[in-house]
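Next, two complexes with subunit A in common: one pairs it with subunit B, the other with subunit C.
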Partner chain A sequence: MSFFLDLLIESSVLLLVVLGLGIILGLMDVINLAQSGFMAVGVYAALTAAHRGVNFWLAVLVGAAATGVLGLLAEWAIIRRLYARPLETLLATWGISLVLVQLISIYFGHGPQSFDEPFVTAVPVLGVQYPAYRLVIFVAAFAVVAVLYLVVRFTRWGLIARMVMANQALAAGLGINTVRVRQVTFLIGSLLAGFAGALLGPIQGVSPYYATALIAPAFLAVLLAGRTLLGLVLASAVLAVTATVFSRYFNPVYATAVTVAVAVVLLRLFPEGLTRWRRS
Partner chain B sequence: MAAVLTRLRTDRSLAVRAGTLLLAAAVAATGPLWGDRFTVYLLTQAFLYAALAISLDLVWGYTGILDLGHAVWFGIGALTVGVMTTKLDATGMVASVHGGPGTYLLAGLLAVVIAAVAAAVVGLYCFSWRGSTMFYVAIVTLAVSVVCEALYLELRWTGGDNGLFGYQLRALDPTGWFYLCLVFFAVVATLAYVLVRSDFGLLMRAIRDNEERARFLGFEVDLVKISVLAGGAALAASAGAMYGSLLGLVSSPLFGFLFSTEIVIWVAIGGRGTLFGAAIGAIALQFFSSSLNQSFPDQWQLVVGLAFIAVVVFVPDGIVPPAWRLLDRLVGRGASHGPTRRLVARPAAVGRTAAGPLARVEELLFGYGALQVLRGISLEVGRGELLCVIGPNGAGKSTLMAVMSDGRMRHKGTITYSVDGVRDHAGISVSALARAGVMRKFQTPSLFRGLTVAETILLASRRGGYLSPLRRTAEIAVPAPVVALCEATGLDRHLGDRGTELSHGLKQALELAATIAAWPDLLLLDEPTAGLNSHERGVIGDILKTLVRDHGRSVVLIEHDFDFVDQLADRIVVLQDGRILAVGSTSEIKHDESVRGGYLGITGATA
Partner chain C sequence: MIPKRVASGRLRAVVALSVALVATACGGGNSPSSTNSGPAQVYKVGLVVPVTGGGSANADPVIQGANLALDEINSKHLAGTNVKLQFVQVDDATDPKTAQQVCTQLVTQDQVVAIVGSENTPSRAACESAIQSQNLPYFAGNGTGGNVCYSNMFFFGIAPNQQVSPLVDYLTQKQNLKKFYILASDYAPPKGSVAVAAKQVPADGGTIVATTYEPLNTSQFSSDVAKIAAAQPDLVLSGLVGNDQIPFHKQLGDDPRTKSIKVASFQMNEAIAAAVGSESVGVFVASDYISGDSSAANNAWLAAFNKKYGSSAKPSFFAAETYDATLMMAAAIKKAGGTDAGKVISAVTQVSVDTERGHIVIKDGSHGYATLAAHIGRVNSNFGIDQIDVTPPVDPVVACPSS
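And then the complex of A and B:
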């Protein structure tokens, strides 16, 4: 039972990382390699706030907000100038990540930092004692998905987002301010990255190179998701479950390689994303 | 030799560049005379990094494949040498080193083969299916890099955490190594230079600029991309093998994503697609970072990161091309362009006189999703016939051409050709059809950003055939109508200009010239005169007549201007709502009541 919970949590961890990436790719056609840098900023901002005595949950929000501001700046100064050259945004966002990691190294040092969980208790779930904080990750991931779903499905903003995804030129022609849409998209993506970074801090071990290990599976998951929320959830679950099951029952050494291999095969089978069967 | 000297005298821009290169080469070659031990050691390594950067420049800068795992191929080189020259003890540490220069050489060759095969497999996966975007190869190579780095740490035979070490080839002293690496770099750079100037180099740039168009010219784009990736990997592995033999060291970061992106940064900052920029970027950044890394490691990395972003956003060509231009302005006044290629007419093969139609379309049905565009079209195109397709917008004219030129668009009904190598067109790719002699010209010009007019025509004239990776064709042999077209439209005065910088009329002329240069049996021309004035139309009309009457080519032409059609067409097909409304000679069509009412909008007495 506790293994089942592990699977859920690992999927939620990957999902949290993937959400920001997926939104930015889906609406902007930008693969945001700055994600790991943004997550690092989120966790260091939260850490700094927490060390100053700010309540843990408030500190997580501080982390998200700091990353959001940074995302707005990056969009305005860099990303906006590269809309016509999508492959270049890959390079520029990687540059942003490098710069952020170096800035963090300069101010905080290279060493790992400790970020304490707000509670270390275990709670009984489905007949087993399970660390409460890990459950929080699960709840948070699915709360974010639920909010995003409701926004996309039922609000005016969601409608605009779906329009831009379907046909950007047409949306612009109908008077949608696509520049503003991109700006807000990148802001939301960054907020989510910061939120994920801060929230995962206590269980991931904080350092400037934070979350780089999650980046390869995260990008594969985004490609695999095929631009729907359900796809993001499915892809995160498939990859996280593969990694966890394989390392538990077979061989932890090859878990990363097997996960990537599974992703690579699935990408071939579902070129349009997991939620759509291959066009025959 | 004399010719070279003359060119250097008349072309100051070239002279300045050659002088700069010679100066740089002289400074580098005399390194052991002016530098201390540490400098010589840094330069020796930097030459290998420069060779590595050039290998990435071929793959990314010239062919447009963003390889974010290029370090893996380099790592394979260093690791193969390490594995073949060391023995591990029970704890996985290096216990002894063995092997003479022969072992190192063999290991190097083996590494080249392993890397080329591995890269070909990655390329096969990334390129060989439709719908793979440019992001794909970037993310997949990134993933390969991350996995290799992780696996390296876990495996035993790689030395795990410690890596393999102490296996440097001791047969050479530092000065010997310096010159060996310099020569290695010079060989790699020369090979790369010959390649990018060759006819094959043109194809690499064409694929980078407009992959789809290259397919329609008959080239097997996926195969070319796979070969370039494999070739780049082989070069990188040879540099890696040299690196391993020089330092006697390999560990997991050599395979990693961070090192991969470092190579990308060298090439981007120096200037992608210039070779020289990639080499200079690698040498300079490597040299400075080794000196500065000790005192200010984080600050230096920060500066590199900021410079990288700035280059990507503001100077996407990198530092070197603007620097060349500056040099030209300072000293190279009156700079001429290099020798441009010329067109020469060659006797063109006359169409075969076999009986029967060249193309036959039967009961063709095609739709995009729920929208049915072609609803049962049957027509024939005879040899040496000019068939005009007219009809209102949305009738399915362009879609008909799209399906005829691409056997992989799913349709119902049959299309058969009687050209070399292809009969039933179902399942035949665009490039195979083009090679067989069915070629399409798009409605809107779709050219190669980095290619000149002459280069575009040269590529097209090969129709997907062999392009030498060594030779640079200066005289382009094309069928006489191409020369006539170029002269009549004034395109011949722009042979050295880039296709995408021409006026609209010249772009259309170039598209048509390229299509004719390929000398297909069947030309599918989608509004070749769109946006042209009446003089230009007349010129194109005459050329098309010559093609059909004198050379036995067959042409299917989509046109809106009925007067133009009236002068040219052997037969006319009128399409409406995906069906054929009428077929016949111009006079038959003009008198056809349904056409007159439905399309031409003429009522009453005939002219």
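And then the complex of A and C:
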């Protein structure tokens, strides 16, 4: 049963990282290489607040907010001017990530930082004792997915976002401010990146090169997802389960290679994404 | 082929430094004919540090240790002469290609007389390829897996046998821990340490229930925690490196199945312990330096370190190794009577320094590795490391590819 919980948590960790990336790619066609930089900003803002006595959960929200503000700034100053040029967008977001990492290094130093969990306890789940904070990560991932689904499915903004995603030119022709939609989308993606960074900080090593180990599988998951929320959930689960099972029962050194191989095979079988076969 | 301007520059350096050092050796610190007259002659030494990239977490203590030593060299050992040593610090970005570029720059543009470095294995090899033509001496402020050997390179970090064997001896004999689970990074130095442990543990009457490697930059250890929980060893022997240690110790310590299992680490230092937090308390450490060493030499060194760097001081083993490497460089140059690379390299095995780590010497036949004592420690509740045992100096056992 612990193993099943491990699979659930590993999938949740990857899903939290993937959500911000997936939102931005799905709506804006922007591959945000600044994701790891945004996550680093989130965790450093959160731990700064926590070290100043702010409650842990508030500190996580501070991290998300700080990253959201940064995302707004980056979108206004740089990304907005490059929407029609996807390769330049890649370069620009990569450059943003480099700058963020170096700024963090200059201000906080290169060494690791401490960011303690709000509680170190285990709770009984399905007959086993399991670390409580790791369960919080699962709950958070589930909650974020639920909120995003409800917003996209049942709100006016969600309808607008789906219209822009389906046909941006037509949406603009109907009077929708597509610039504002993109701005809000990038804000939400940045908020999610900062939230993920801050929430995962207590179980990761916090340094300027934070979360780099999670970014590569996150991009694979986004490619597999097919630009749907369900796709993001499925892709995260498939890749996390593959890596965890292979690490557990075979050789961890090759788990990454096997995960990539599985992703390549699935992309070959489902080129439009894991959920697109239903439409075709 | 040495460029003419490099060769002529070096010749001037050799002559001037030789005059200054001879004057000093003759007690001529105050000799009016050759010292203290005119501006100081500055000789450049390359300092290669991973300021950026994955190895950057160790950059600060390395830079601090090297510069503390340089201050001491210039203010004490070269006092009374008009010679100064100056670092030219470069960043290898924890990347071999960058390392080769910056080391080439040190040789051709900065015309350094020696290099002090604290690089990872691939970057150091790349730097060596850049300096090999000049046969520049390279004083490495870190260790290896015990299988890296260059005729112009000297290592002041620990070789696996100097760390692992004493640690395993202590754990089996003084802590009565017999059942070991080994988890290490898939990287040369930890693998060398694991190879030594694989022999030492059974030799000390213990058993190894499993050995697992994880790639570098791993942050999710649920599989390893599950395997450790299933094996229920007396101790986990961790060879994880860098920041990978942080999530591992946190995840191991948070899991109720494994939180009471003892842990020993080849790589834990004060900064990592503080970043891990409460889960690091009680972890056994074996190192060539522990800041909790209560010897007079270490206390004096710590006082000087803290005085220079104040609240940003990071006197870890990275700092100590680079400090000693820099002092040995200066001692070798002094013994050689100049900066001629061949003479300096030959002089290294003829000198020694007494530092915070004790008497540091590189013996003939050691392939450039220092003889070092092993310090056994344990992380305390303030995330410092208390020293609980120390061995006599241990000669390195090195398996050079050509030996």
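Please note the rule applied: the second predicted complex is superposed on the first by the 277 of 280 C-alpha atoms of A that agree within 3 Å, B and C clash if a C-alpha of one lies under 4 Å from a C-alpha of the other, contacts with A are read in each partner's own complex, and residues count from 1 in each chain.
By definition in this document, a residue touches a chain if its C-beta (ideal position, glycine included) is under 8 Å from a C-beta of that chain, and two chains touch if they have at least 3 such contacts.
Note that the structure is predicted; figures quoted are calculated from it, not measured.
Annotation for the three-chain superposition on subunit A: subunit B and subunit C clash. Touch criterion met: A:253 reaches subunit B and subunit C at once. When both complexes are overlaid on chain A, the residue A:102 reaches subunit B and subunit C alike. When the shared chain is aligned, subunit C comes close enough to touch A:2, but subunit B does not.
Applying the stated contact rule after C-alpha superposition, one finds that A:112 touches subunit C and leaves subunit B untouched. When the two structures are aligned on the shared chain, A:129 is found in touch with subunit C, with no touch to subunit B. Using the contact criterion defined above for the overlaid structures, shared-chain residue A:151 touches neither subunit B nor subunit C, since it reaches no partner. Once chain A of one complex is fitted onto chain A of the other, the partner contacts of A:172 are absent, as it touches neither subunit B nor subunit C. Applying the stated touch rule to the two superposed structures, the overlap between the subunit B and subunit C interfaces on subunit A comprises residues 102, 105, 212, 253, 256.
On the subunit A side of its complex with subunit C, the touching residues are 2-3, 6, 9-10, 13, 102, 105, 109-114, 116-117, 120, 122, 129-131, 133-134, 202-209, 211-214, 243-244, 247-248, 251-253, 255-256. Residues of subunit A touching subunit B in their complex: 31, 78, 81-82, 85-88, 90-92, 94-96, 98-99, 102-103, 105-106, 212, 215-216, 219-220, 223, 253-254, 256-257, 260, 263-264, 267-268, 271-272.
Remark: subunit B residues 66, 125, 129, 131-132, 134-136, 138-140, 142-144, 146-147, 150-151, 154-155, 257, 261, 264, 268, 298-299, 301-302, 304-306, 308-309, 312-313, 316 touch subunit A in the complex.
Subunit C meets subunit A in the complex at residues 51-54, 56-60, 186, 212-215, 217-220, 222-224, 226-227, 229, 243-247, 250-251, 253-257, 271-272, 274-279, 312, 314.
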